[in-house]
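Letters are used for the chains, namely A, B, C and D, taken in the order the chains are written, and counting of residues starts over at 1 for each.
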Amino acid sequence: MFSLSGITTALHDWLSGRFSEAWVMLIEMLLAGIAVISFFAILGLVLVLMERKVSAWMQIRLGPNRVGPKGMLQSFADTLKLLVKEGMTPNGADKLLFNMAPVMAMVIAMLLMAPIAFAKDFQLWDINIGVLYISAVSSLSVISILMAGWASNNKYSLLGAMRSGAQIVSYELSAGLAILTIVVLSGSLNMNDIVMAQENGWWIFKGHIPVIIAFVIFIIAVTAETNRAPFDLAEAESELTAGFHTEYSGMKFALFFLAEYVNVFIVCAIGATLFLGGWMPFHIGNWDGFNRVMDFIPSSIWFLGKTFLLIFLIMWFRWSFPRLRIDQLLNLEWKYLLPISMVNILLVAAIAILGWHF
Amino acid sequence: MFLARYIKSIFQAVRSLWIGMRRTGYYFSHHKEIITQQYPDNRETLQLPERFKGEVVMPHNEQNEHRCTGCTACELACPNGTIKVITKFDITPEGKKKKAIDKLVYHLELCTMCNLCVVACPSDAIVMAQTFEHSVFDRNQLTKILNNPGSKIMEGVE
Amino acid sequence: MMDREHMISCITEWVPGAKAEEGTEWTTLSIPGESWPELAQRLRDEADWQMDFLFCLTCIDWKTHLTMVYHLTSTRHRHILVIKADLPADDAVIHTASHLWKTAIFHEREVFEMFGVRFSKHPDLRLLILPDGWEGRNPMKKDFEDPVNMIRM
Amino acid sequence: MHEVLGTTTDGDLVINVGPQHPATHGVLHLVITLHGETIRKVDPHLGYIHRSIEKMCESLTYRQFIYVTSRMDYLSAHINNHACALCVEKGLQVEVPARAQYIRVLMDELTRIASHELWWGAMAMDLGAFTPFFHAFRERENINDIMEETCGARLTMNYMVPGGVMADIHPNFQKRVKSFIQLFRSKFDEYNEMVTGNIIFQNRMKGVGYLSAEDAISYGCTGPTARGSGVSCDVRKIMPYELYNQVQFDEILETGGDSFARYMVRLREMNESINIIEQVIDNIPEGDYQAKTKAVLKLPKGEFYTRVETARGELGVYIVSEGGTTPYRIKFRSPGFSNLSALDHMARGSKIGDLVAMMGTLDLVIPDIDR
């Protein structure tokens, strides 16, 4: 049966037979780096195309359908265009920060990839504080936005960056609390342990209503954290033209663009891992026949399927709702999401202590 | 009750959002509702209404004859100076001088398709054509001469 | 709703120099420019007038002189009154109406730049439509000739 | 001149919104003074699309000048042309045939619906919801097709002439209008589902951009902008022209005075226009579509003013004639110009996001403001 872990073990064995331990380590790191970067590139292309198709169908349009079969190479052509475009730096800008910001956004997005379990036994870094690591690093992403907004020397960018700062700092709280509910239930910060804890059922099914509430809050909070509509105030098109990336063009803009989609992918991957059982197949109690059929589907497919389901949900939000105003955005966080998630985590703690979950 | 109102407001908010999402979700899954026309591909089947005002043309019959008497009514009716009638004097077979058009110059780049010249024409010499693909690389190509070279006025049009 | 004769007699009583125009659709009176502020105040505030809606404010250039035209109506009584004031062409000054009808702020700015009428006590008499730093004649005047005229070309 | 760049002395931020900005739908230039996110002052700078239509019309004859007015408020081109034609007819004292009157009213109301459709989509887009825009265009496309079939153009039709309309309606016209009414009725619920009922949308609109009835009158606001503040100002009711005293319709009034009230007025007006069309469409009388007029029109010496209700408010056409073939002076009192002047008053103290919502509900068409 096809499995990603088989490939990695075979590769490791083959390398170990030829090189010393230090070299094997180095080569594997290099390979992992190349894999991550190319995965990013492909992911960006796929997600951009997906967003364009989803938006087109919701808007009773056809969407890209000219480049390549069924328009599948459209985002590839766009990337090519962005690559050959001149990357301008405005005169009054802080050159160093201005050019660093998109790279920073990209690097942070890449760092987040490390502890995610893509499939059974397929993980870049099996760190024991995986969830903590993710919530720590993801809050860094605001720095790149602030850098871009400040360095552009543009008032729209500055306003966008400031909005984004307030927004991400606030929504970090309820996202963190929503993640904590799962940590409380599974008793571990390790991604793999959390997935293994869902072997006999995903948390969203066996955690009662509090976990469903946490899931909803998590989805809302991460939509806000990734600066996507209806929370796209940092780049609110009709108000701030393009917000923090108003002055960016060419490849620098493309990096921001890519980072946005990679961030969406990562938060959805985390959501899938925590609430929907990561790469765990869908099992129903003791229907052994059904469960065996489900097991037959590779774990990587399960993981990507769940992730893309959540990505679709976030895209669905984007193309259905108008944007919030900045004060309403903060109201929603501080008056609704935060109190609810605080009560919620108490409930979950009680459930976990009393062992009421399945 | 504060709490009841609080929970009710949340419920109503989520419900209103769900109604909107249901609508977009419906269109996402029903591709028959798509209304996009694939323009350059459907050029063969594209049907413009017969009244569509695309550009002023002067119809000629098989004998290369038109109906224009050169009365300059269209030139006077035009608000933009789009039409210039350049007349000449023809000698009729009876030996009389008769006014006729030499060139009817039409500046498509100035035309606003207001149809006033067609309405003003007493002999129905000019009509609106249904063409609409007017873009050219050289602006001079937009200045057109409506009467064919060597064309004559139709018998019996005064 | 007031009838024409009543309106004319009222205004001629208030403003000695007012002259009614004949053959117009709506009651039209020509007044001297100096009496405009008091008349405007009364037209808006008197209970049986209540001309609270200035629906058109414009100017006509007659080459020899300028004429300000105010179209007034009442949202309560629905009667319409047209007030005209002649101004000299070289030094056109009239009191603003913007303290009574705020719509006049924009309309007077437009008339100011297009006809060169100066409105005394206007809160914000700047160029509105013309580009900043426009120096030259007032474009809507009859002696203004556009250097680039597509139709004449 | 003006302080356009930089900050003011007390640390407020001065921002140029426009002339190229996604929310201004054209080339409107607003210089806004910001204190944080709060608006201190809005100063519109106009004229980026000023073509001086009033001056142009002074050199055009009474037949010719009508087409130019389509370029003012291009979304209600028919109604602009209608206003001009009415004014010329008033001067000529021409009786318009009944058939032409019916056709004109039908076209006006179709134009009003088309304009409100576009406004609805564009306003939702201002608030960040992109999808309604395309849904609005689906219905608008049907109206455009009807116009194209009868008038020969989709946006700037030039269908009204002094004395009637330029051509008779197309044989398919009535059938297509009826099928449009059906389509509109079936899709109208979607508007409420996607936008009106949406909680985010309601929060964005309610209590935003408040304009009291007194201010609306004082600023000369007309149309849905004033009717949202409870000011009865529908010219079709207070000074009926053409058929409007014969058809049954309600003047839509809301008393909220905020953006949501203005939104609701426009949304309900679409339904009211459909009602008018339904009353008229089956009763178009037979007869001439155009009164007999002279080839060269000369208005008698005098002044002529017509008021017409466009989709944005009251359009006034003021012709001063010296007895010649061209107007001596022509003034278009455009609704957008007056409505825009209330923006500063409305926007002070609200957030940038609210400014966009207000501009959306004022339904600004920039060529209409600049003329």
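The rule is short, and it goes like this: contacts are C-beta pairs under 8 Å (C-beta built on N, C-alpha and C of every residue); 3 or more make two chains touch, one makes a residue touch a chain.
Here the structure is a predicted model, which is why all the values come from computation and not from measurement.
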- request: Could you tell me which chains make contact with chain B and chain C both?
  value: D
- request: Just grab the chain with the largest centre-to-centre distance to chain C, centres being mean Cα coordinates.
  value: A
Query: Centre to centre, by mean C-alpha position, how many angstrom separate chain B and chain D?
result: 24
Field: Chain centre separation (chain A, chain D; CA means) in Å
entry: 45
Statement: Per the C-alpha means, the centres of chain A and chain C lie apart by a whole-Å value of 63
- prompt: Which positions in chain D touch two or more other chains at once?
  reply: 131, 138, 194-195, 198, 200
Of all residues in chain A, the ones touching two or more other chains: 58-61, 319-321
Message: Using the touch definition from the top, which residues of chain B touch two or more other chains?
response: 17, 20, 23-24, 35, 79
Task: Can you check the complex and tell me which residues of chain B touch chain D?
output: 12-13, 16-17, 19-20, 22-24, 35, 48-49, 51-53, 77-79, 112-116, 119, 128
- prompt: For chain B, which residues count as touching chain A in their complex?
  reply: 10, 17, 20-21, 23-25, 27-29, 31, 33-36, 38
Query: Any idea which chain A residues touch chain D in the complex?
result: 55, 58-61, 155-156, 159, 163, 229-230, 232-233, 236-241, 319-328
Statement: As the complex stands, chain C meets chain D at residues 23-26, 28, 52-56, 58, 60-61, 69, 71, 75, 78, 101-103, 105-107, 110, 126, 128-133, 139-140, 146, 151
Field: Residues of chain A touching chain B in the complex
entry: 54, 57-62, 316-317, 319-321, 336
